[in-house]
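Just below sit the structures, each encoded as structure tokens.
Here subunit A shows up in two complexes: once beside subunit B, once beside subunit C.
So, the complex of A and B:
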């Protein structure tokens, strides 16, 4: 549903753009009437990655908020902060002498995207803004509303930013997505590489039952069986269930915590993404022959109760409830799973111990994972804005300068990152894809005494301190703060495993949407998920998978596949 | 009234009662559950242990809510909106419905207006044109953006037209013979006998204005200007993708369900308070006996 409204918003915005009169009135010359000296000062500021402007420069923008609610600021020194005067904006003002003025502000995600559509529709886009999807960028480029950033990027991008983009490798650079006819039209925000999903197990249950950590599908099945039948919590009651499964069985890898894509990929199926077949053509993973094996397996697991019998009707909250109340000790989730209440609540109330295991693995003993796309949004500059370089400079500050700065002002930012109500006014940090791993490695070096604490960036330092607090509390036999638990478990335990036990990553051949998807994709996806649920729960036989594939193709799947291949060829 | 009770009538009555009770429960239970969640400890809430009674009773979330300044700011905006919006709605509903309830002999252009009204009820320009009109008139970020775009609730107008039509024509005639002007007839005769319908329509407006979150989202460019339901809605937006470390923190705090339940409970209180006061106007048959035929 959300997808549909989003598509509608994008489509209608696109329609409006067609009727729009060009609003650029050419370069506005703000240097008129200045002395040569003043002009030179402005020029110098504009050509320096961190150059401070001679006078305060005000820019309009759209502000991304988090959905924390401003009450998280209550009782802190930042209580009276606003979106135009907070730690981030004060910092930017100090470093670059710039001040934001918000054309709109909204919570990141659907709310913010809608504001962007409205701004575009009403022919009034801010000087600089973040747009979160590719379709919007294409619209803006096609209607010639945004500045060419090629030269600015060449001249002003700091090393951190340039290296970060390069880290994604040749074929998958975020810059490619923002390049149109050889011109860079936006500064892409990078997507943190999410790594692979793990099987998260209750270590204390494994120990109770004297079981080894599983690795293959068969071993996984044995452990799950033991979790159901052998009373792992030792309370003498038959009250535990096996693996919890999200009602959307797969998709959005690896963000969809509790989804079980890994079971599919272990058997060579790649549902819900576009993959390249043997002939080099893009095909949709969910309608391939390989899907049958995992579906049959899951159907058997369902019948034997190895996966939660009621998974199809459970909400996310239900699943969290099952885990929190100690009825379930196994789920599949990403490296940041310890942030989920399912884990923090069991840590605080029980003596639950969680461990992430590389399981189920494919034939070569590694988890088969799916890569996420390399970009997570774009920063665009309104055509005709007199300080287009400002966008790049702010991104530099976000991504590099502020992280190495150890002043009090930077400390304020660190504190605000923990409170997490405000974001940077320009919602864009450029990081290398494997940033999470890199940071963990730096922290491990410091912990092992191989490096000095001063080598850490401010962000790394806060994780380091978190880890220290967690370890101290544990050593003293006390429960650590749950935020520290989450940081330690995710950053030190789980990411370390990601480094030690690397996975095979498949890069999907296509990430975006095509024209026909707007009208047909949601019903196709619905049909797909219904069939998958029916086969798993045994309502339909596996033999009906073939007729689903036929139906999928004739209902628009074939046409979309063609479009996807055309789009890739372009 | 004396009625012979047959077995059939008896079972029908039982059935009707059962259906009514089921419907009542289906409305009431979620509310009670929400109240129970708001009064429970957060770990019990996370474990889904809260049913109809609070587990680990605590008032911490209510304490916390008292300190949430944006909640109360938004609350105040919503109150203003309801008062202003309902007054405006009622004015337009009454002044529009009264003439349109007259026959086409007394009001020849009636059909044109009715068609116009019905057309506007069935078709709308869509979100974007609406937004462009509102922002073009410089109403965004003001309370007027919340009350003016829906100033004439067409559905309520039609309800009111039908109610006015059911008022005996003789009342109108009698008043006209006594020399009353149309305005006097409306205010002194029609409105007093229409209290049940007016209460219903007013309630629709109040509930509609109070519960609407979308126009706040659409027309308010500053989060500090959100009305209450928009403020609550934005707290429940899902985070679909984790792109940076800041979002992780949100993930862990996201299922602060007890606190969100508290906000929802407190936000329903004004409506719960208003219902009993309007209840007394829901008395039918006021015009019975006003005319002797």
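So, the complex of A and C:
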């Protein structure tokens, strides 16, 4: 593996030398030689959020291919579509009179990022492109390769886009991440909020044992104890375990299904993120005093078998296996947990009923959750590109115009949405953080008869139909298709609970990495994981936590904390 | 005349035409070596840089020994180094003793059919990948697995072998020996066949028992092979078995189980710290190189023949 990396490095270095020779061209005034009238027409188009250009404008870009596979369009009317001529590019041409020309194409993720890196290394970036991570954006800003978007955003961003950014709240706005020295250097793509984690329980087990849904830590403990000791599956055998736990215990909230961050946050500890302390300084959550209480609790739970004794050596598949085979009926996971095989398999084979519960809650009766990053990439414009506003206009069309458009032109992209949703030549949609909840509300309105089905967007429509199929099957006393089960449980049951029982969200004070973090972080994380696991499993006493904190600080933790605070101050 | 010519060709001193044929046969291997070993060596330069993929190998900043200083300032780097040495050394010892022992036992057995069958059976695990075997091993050693069930018969409390620093290395070494001893014994079995039967005959006439024959004929005859194998393997002493440990370890046993390769993997690949990863890798290569030279010298002194 190492050799491959090295080979890649050499190959990219060689490619870099070659491309260095061809340098990017400077700025040209495209209006030269135009009549006043023509100039005015161009001007008007440039200053209208959805203005159509008088003549076809071509822009070069980096094209994000999806890993859906090239055959998703096979057999459809769109099978001859290409990355420069498909439903989306035709639509943009129709609406804005623009056409993409791909400087490179690559599958989203590492492949695409590498192409971007090479483009930056050769100082020759496409006119408009999407970059997926913050470090790359910083790199572009520092190398002075991209255009300042401040004014363009102010003048051209449509209301939907502006409101969507605002929905993330002060302090977590995606725009902050793209702002350098007061200048907006990119249009951030939004990352939808993933909401809070829930405690997922086997409802049928609760009913067998005549238990209430738990809410506090104590109630949670009582239910888990009953799940172990009182034979919840009624098979007369002592074969059930308590709560399954991810082998990394916490982190990457709320995406790590089976991680138990909620147990920590219920007791006021926020591991694995940067939080703001009482003095307004950023500190690392895992090394705070608050960690001791949950660690001691988990140690007791471990000794009493309330959490799975073998969690440290379990893989994800092992955990799914425990739940699928009916040995475990409790885990912590996000709203989309019903898509996990752990649930679908028990639904299909076992008559299991699952329920998501807001538990364990903090002092105020709500789950303490952690906000996710609000951005998921950036659209940047090459410095000197003659139509910089074009990027903003395409984002407007992606995020708003295309969704409202009922004309024939939009029909194609609606049909494509379910086929190849990510085929936009510039993959950037700006959505409000609670978009998942909004969609569920729209569907509920239709289901309750308060709105007409035609008000649903294409995406909502497909969830609505799924829910209908699920309910019909259940009513007929049959098992629904497991895909419909997952959609219904996630979109309708679980998100509804998210709306009804909102959580407290803590916004981490820092999401990115600093210089020293690069070289030292993995070593510090290793130290942290080792200590946490040893304390929980009882190999070390809770007093070990203090010496860990000391060691963590001296091994670079203090220096990184300083750097984080400096970075925030900037 | 023709005899001379043949001898010349065999020693590589034939006409240029003949030599050309041999060189051509060597060429594909050399090209592979060039592409996959020598060209990537350039990447070792990363160890002395603050390597940024976007800037490439020639654009990144040179930082001298800084990466090495960072590595040795990590509290866990010493631990990782010792873990590697301990695990690799234990594997080297047991992967030598057990196959020798096994091949002598097998050699003493009568019955060609039985011998062959047995050899084939113990040979099998070698061909399974650790990715597959790790699942088997972790099930065997889990709390409700067969090993704990067996120990339970003697009243032993269940042990979490793979999450216990007192046991982890033992499990790693013993499962590795279990997987490899059949394969490793092949070369010793071949060496046993080449021992002059006259020696045994003479031994038995002189009244040596089977055991005495093994001690005074078999083992001394095997000695050059054993030394050669150990010398060859010494170069690998810092390879404690990435795929095995990577598939079996977890943070609780980092203390006893984290080795250089798993460490480099986490730093270099997971965290994207190419420079630090390359520095650790280079450090490891230098030590391995010194060990090979040393081992070769040792082999030459003790048995009179080395690898080069």
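We adopt the following convention: the second predicted complex is superposed on the first by the 411 of 570 C-alpha atoms of A that agree within 3 Å, B and C clash if a C-alpha of one lies under 4 Å from a C-alpha of the other, contacts with A are read in each partner's own complex, and residues count from 1 in each chain.
Just so we're on the same page, contacts are C-beta pairs under 8 Å (C-beta built on N, C-alpha and C of every residue); 3 or more make two chains touch, one makes a residue touch a chain.
Values in this document were obtained by computation on a predicted structure and should not be read as measured data.
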Touched partner set for A:454, first subunit B, second subunit C, both or neither: neither
Subunit B versus subunit C as contact partner of A:312, first or second or both or neither: second
Subunit A: partner with more touched residues, subunit B or subunit C: B
First (subunit B), second (subunit C), both or neither touched by A:519: second
First, second, both or neither for A:482, with subunit B first and subunit C second: first
First (subunit B), second (subunit C), both or neither touched by A:114: both
Touching partner for A:555 - first (subunit B), second (subunit C), both, neither: second
First (subunit B), second (subunit C), both or neither touched by A:339: first
Partner chain(s) touched by A:35 [first = subunit B, second = subunit C, both, neither]: neither
Intersection of subunit A interface sets (partners subunit B, subunit C): 12-13, 16, 114, 117-118, 121
Complex interface listing, subunit B residues touching subunit A: 43, 46-49, 64, 67-71, 126-128, 131-132, 135-136, 217-218, 221-224, 231, 234-255, 257
Complex interface listing, subunit C residues touching subunit A: 35-37, 39-44, 46, 51, 53-59, 67, 70, 73-76, 138, 142-143, 160, 162-163, 165, 250-252, 254-255, 258, 264-278, 281
Of all residues in subunit A, those that touch subunit C in their complex: 1-3, 5-7, 9-10, 12-13, 16-17, 114, 117-118, 120-121, 136, 139, 247-248, 309-310, 312-313, 518-523, 526-527, 529-530, 533-534, 537, 539, 551, 555
Sites on subunit A touched by subunit B in the complex: 12-13, 16, 65-72, 74-75, 82-83, 102-111, 114-115, 117-118, 121-122, 124, 189-192, 194, 252, 255, 317-318, 320-322, 324-325, 334, 336, 339-342, 344-345, 348-349, 372, 376-377, 417-418, 420, 423, 429, 431, 436, 459, 482-483, 486, 490
